[in-house]
Amino acid sequence: MVANIVLSEVEYTHIGKRPIRPDGVDKVIGRAQYGPDITLKGLLHGKVLRSPYAHARIKSIDTSQAEDYPGVKAVITAQDLPFASLSKEELGAGYQALKFASDHILAGGKVLFKGHPVAAVAAANPHVAEEAAKLIKVEYEELPPVMSVLEAMADGATLLHDDLYTSSLGETSQTASNVAAHARYEKGDVVQGFDEAAVVVEREFQTASVHQGYIEPHNGTALWSADGQLDVWCSTQGAFTVRSSLANVLRHPVSKIKVTPMEMGGGFGGKISIYLEPLAALLSKKSGQPVKLVMNRVEVFEASGPAAGSLIKVKMGATKDGKLTACQAELALDAGAYPGSPAMSAAMCAFACYDYPNGLLDAYDVVVNKPKTQAYRAPGSPQAAYAVESVVDELCEKLGIDPVEFRLRNASKEGTRRIEGPVYRRIGLVECLEAARSHNHYQTPVDVQPSGKLRGRGVASGFWFNRGFVSSCNLTLNPDGTVSVVMGSVDLCGTRASIAQQTAEALGIAYEDIKPSIADTDSIGYTFITGGSRTTFATGLATINASQDIKQRMIERAAAIWEAKVEDVEYVDAVLQHKSDSELRMTFKELAGRTLTTGGSITAQCNIDPPGEGNSFAVHIVDVEVDQETGKVDILRYTAIQDCGKAVHPSYVEGQMQGGAAQGIGWALNEEYFFNGQGQMTNSSFLDYRMPISLDLPMIDTVIVEVANPGHPYGVRGVGETPIVPPLAAIANAVYQATGVRMQSLPITPGKVLDALWSQNGS
Amino acid sequence: MDWIDFATPKTISEAVELLASKGDRARLIAGGTDLLVQLRGGRRSVDLVVDAKQIPELNEMSYSPQNGLVIGAAVPCYLIYADNAIAEAYPGLIDAASLIGGIQIQGRASLGGNLCNAAPSGDSIPPIIALGGVAHIAGSNGSRQVAAEDFCTGPGRNVLQDGEMLVSINIPVPVAHSGASYLRFIPRNEMDIAVVGVGTSVVLDESGQNFVSARISLASVAPIPVFAKEAGDSLAGKPVSEATIQEASEKAIAAATPISDMRGTIRQRNHLVGVLTRRTLNIAVERARGG
Amino acid sequence: MVTVFIPTMLQPITGGVKQFDCEATNLRQVIERLDQLFPGIKDKLVEDGRIKPNLAVAIDGEVARMGLLEKVGENSEVHFVPAIGGGAC
Amino acid sequence: MPGPTHVQATINGEEVNFLCEPRQSLLEVLRDVLGMTGTKEGCNDGNCGACTVLFDGRIIDSCLVLGVEIQGREVTTIEGLATADGLHPIQQAFLENAALQCGICTPGFIVAAKGLLDEEPDADEGRIRHWLAGNLCRCTGYDKIVRAVLDAGEKMK
């Protein structure tokens, strides 16, 4: 059986090994404290009253009965948010952004999606809070919901916002619109490019709204003290982002807010935005007691951010020998109720795997009456790759060229200029494609099923930028020779380990001697979210830098102890030694033991916003079986190949690749938001929102391709997001090979497959 | 969830009295896997939950080749499929008992609860109907028996009157050369609601080449589980063949009155009734032949 | 000379000019030079003394961390690209 | 409205007495009344398995059991698996196989796996995948979880 392969360029002492994660024991024995696990003296429980309508004007809210209900300690509505008392003049240029942010937390004049918060209650226990919330009377005037980008962009469409205008790189439309933004990028001349093509394929694709599907619901606990100090505990990808978002909507100074990030039960991009934290804060302010709010699963689906649904047109042309001549795409992604879909990143990712002379991209960010879209693992890239990689597959078929071979002929590489301008540095797409071509999976023909079920294989590639952004860490040398690493990066899935490994490598000491922990916002410098595939790269770099500082301070200390010159002392393999006097020698631990009597602790810190993030590419291969009588698609074999730079902890890198592939498989086959005619989600449970279960998946084989990132001392690239990009198209392409039908709409449900087979047969 | 009271009667008469005292504001709970979700989601509201699990008759599970199978209304699924004698005698029932929810749900959920919940998609109901199951009901006015196919009256509604309760489901002794099967179609491989479910049972003659009789029942294609009597009857006295099975499948489709919803369209569901009727009949025949 | 690439949507302001070379040592100077030649373009790129929130500037492929203070090299390429939000694992 | 009910049960081998309202689930009782937050809530309707506990040795979703229903019964939670001597072999296997990422589903998976391996340490991949169908994991794609359970089964034989 092929399982997990690591194609390594360089070996290190700690990096590339598979130690047990530092937080592992607490998590397997149930001691780790996740957001909903927190309890405080006098804790109250909150419940949010949400809109039953997708689009309606709020005519009145009467909270009096809820306020009088026994056990109720506080009730809030949008009137309790500072925005309600601020004028447009007072807010100036920030008016609209704050209005959107504030209204998203608690609806002001209008509700814009089913599940939109309208009021919240705090009471002695969650059941009482729920009973009281039902007593709040809200009078609505229903408005027609706008549910798709097509409807939203149509002439005369119902407007969600009277004051939203289309912004196009600084240019703003004169009339209000549901299109929040339009961007265009081009290179060369696509008209000429398509003229030069021997084959041109043009297709339109749709994808449904899907959810990140983290198992832990959103939660937030707050204590607003009488002196104005606000303490918040929550599950978030970024404590500092929560702090600044709270400061913004609560108009409360950052210095008076402390956010403590709890362990996090999955985010995937969906736990960056605030939802419950400001409500808990306001309820605490009003009641004088700490308040905890936890969403139930229906609320998570209906009122936290799904990934954008999309409508994408792609046109690509190639010569007879399979060289791309032109690539064009028009991408409209739905933002949900407020602007901010990943339309622009979708556009930038669309053709990122290809080197092509002529290109044109148009991207639209469109508001609709759905919950506000949030990031989901490589935001925008999966939707774009689904469309583009399907068209590439069709080009390959028309040209009679092997799909991996075609991609190799057109692959982006070092020096390729991206459509938005920058040029790639060292990237590993070619290496991934070569690994795919030579993989046992690709070399083994799809076996034919005797039962008559249809089988096929699909291939697709994918891209994500990866980013750096700001990270901070504090390192302390302990007297026993261990090193505490305090960081601002929340650990979603093993970064304590990958950071500890890098620190151990940099210092040359044992992995077990590194003690990583995550600090609250009062205790560490600003650190951006864990997301964007940045943490192992950027926070890792911060600890490497700080480690160099620790070494230097240890050299200085040794020099002082030996009464030697600093420049005569060196640090080699965790040993301090005099360059010329071999008698003068001290191990790391020996020096650590002497620090408290020779001037005190040695600490170092680093705050960085590093350049040099390495872009990430992946190629996935999938075999499917289609039951033509029921339309059901089963995954038979799956291989994920990715350039990971240097895999710091290969097990968790494989885990990222497998988990991303699994989410992509769900997106491709079954996951979608169903809305009824009134714009209400009808499948807001894990029963009806069908994420893959253990029986739906095979073992997912991985190949880690290590093309070192020159921007990191150990060659690290981010890995977390790219794995979700290729599966959608890979599966669609496999279904095509099995059935002969191109699925141009996701998910590829059994019903859709049956319909497609029927229309293929003309029955 | 709104406030509820909870009672744990030890006898049927005690339970009946409790149920009668609250009318439609009381509900019997076995596994609770449906009721608690409904109460929490506000889809059902009651004042009193009566625990079925302390009442001996509701926990009885017995099988004898003379008297057939008695499954108390509170017996959880896993106990049924863990019993080798029952599993051997009623594989069609086991098909359903082993796919309701996941293993956790099967540790609590009962066939009685599944029947009383009366969901059009209830997985155990078609095989119970196909096997000729009978519901034993106790109430303040004495006890009565209702054929499984007559038990459900609408989505979430059944024949139980206020103050009545399901005691057990009785399934007749499987006759010689008989076999049964249940299949459902779902997009995932478990943990899902049937887009369509079909339960069939057949009795063959000694040669195993001809149908003596057959019963076919369908899930998720009407407001209640459907007993497709004509489809089953069409096989009686006919040879086992692709053509007769095809004919029965078409009659099963005719008995279905599905709607289009998020789980499937009318056309898809009708088509699946045909596919699953054919597939379950083939399995049932194979089992009847001792395969 | 620093080479500035003008985004498609700003080319109406530059009268179709796609590329522009200038002498500058940081991004602020680049934008000042641009605005001298193509008046009004600065307003499209800068708001309250900062690069607009939905926009990022890539200098030799690196997104500028220091905003308008970001240094540009003698032969740098400057691109205006959309700001990309962070996703996550 | 009558007051809360007194319940006596055995949890992780120890006799426990508590008061709860009949509407409170076993999950709520464990987390909010008894402070045992190792058992997680993912959906509160029996579709994710994060709240899996052993109930008289059988795995169930604790969100679908009322607290009052455990009167006189035995419950084992994730907190009851490790001993003073160390981790349970399943816990150890999860660590060694990197079978957890965010970790929120982990207690449910480990308890569910115990329910299987106590009876069937020989369970193969297919059996394990079937047994764990009621436990959702969104991070791992199940690959490493299944391998960890196979590994633990070997050690528990």
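The letters A, B, C and D name the chains in turn, as written, and every chain counts its residues from 1.
Convention: contacts are C-beta pairs under 8 Å (C-beta built on N, C-alpha and C of every residue); 3 or more make two chains touch, one makes a residue touch a chain.
Remember, it's a predicted structure, so these values are computed and weren't measured experimentally.
> Select the chain at the greatest separation from chain C, using centres from the mean of Cα atoms.
Farthest from chain C by mean C-alpha position: B.
> Going by the touch criterion at the top, tell me which pair is linked by more C-beta contacts: A-C or B-D.
Looking at contacts between chains, A-C has the larger number.
> Calculate how many whole Å lie between the centre of chain B and the centre of chain D, each centre taken as the average of the chain's C-alpha atoms.
29
> For chain B and chain C, what's the span in angstrom between their mean Cα positions?
Centre separation, chain B to chain C: 69 Å.
> Roughly how many whole angstrom separate the Cα centroids of chain A and chain B?
The separation of the two C-alpha centroids amounts to 44 Å.
> Please set out, as single numbers or ranges, the residues of chain B touching at least two other chains.
Within chain B, residues 1-3, 41, 189-191 contact more than one other chain.
> Taking each residue of chain C in turn, which ones touch at least two of the other chains?
Where chain C meets two or more other chains at a single residue, that happens at 89.
> Pull out every residue in chain D that's touching 2 or more other chains.
In chain D, residues 21, 23, 44-45, 47, 101, 130, 133-135, 139 touch at least two other chains, as defined above.
> Across the complex, what residues on chain B touch chain D?
1-6, 8, 31-33, 36-37, 39-41, 49, 51, 53, 78, 101-105, 107-108, 189-191
> Which chain C residues qualify as touching chain A in the complex?
For chain C paired with chain A, touching residues are 5, 7-10, 43-45, 47-48, 52, 54-55, 58, 60-63, 65, 77, 79-89.
> Once bound in the complex, which stretches of chain D touch chain B?
1-2, 5, 21-23, 25, 44-47, 49, 52, 55, 58-61, 63-66, 68-69, 71, 112, 115-116, 130-131, 133-135
> Sort out for me which residues of chain A touch chain D in the complex.
Against chain D, chain A makes touches at 18, 20-21, 23-25, 27-34, 36-37, 39, 127, 212-217, 263-268, 294, 296-297, 492-494, 649, 651-652, 654-656, 658-663, 685-687, 691-695, 697, 699-700.
> Under the definition above, what is the set of chain A residues touching chain B in their complex?
The contact residues of chain A facing chain B are 127, 130-131, 298, 629-632, 634, 669-670, 674, 682-683, 687-688, 690, 692-693, 695-696, 749-751, 754-755.
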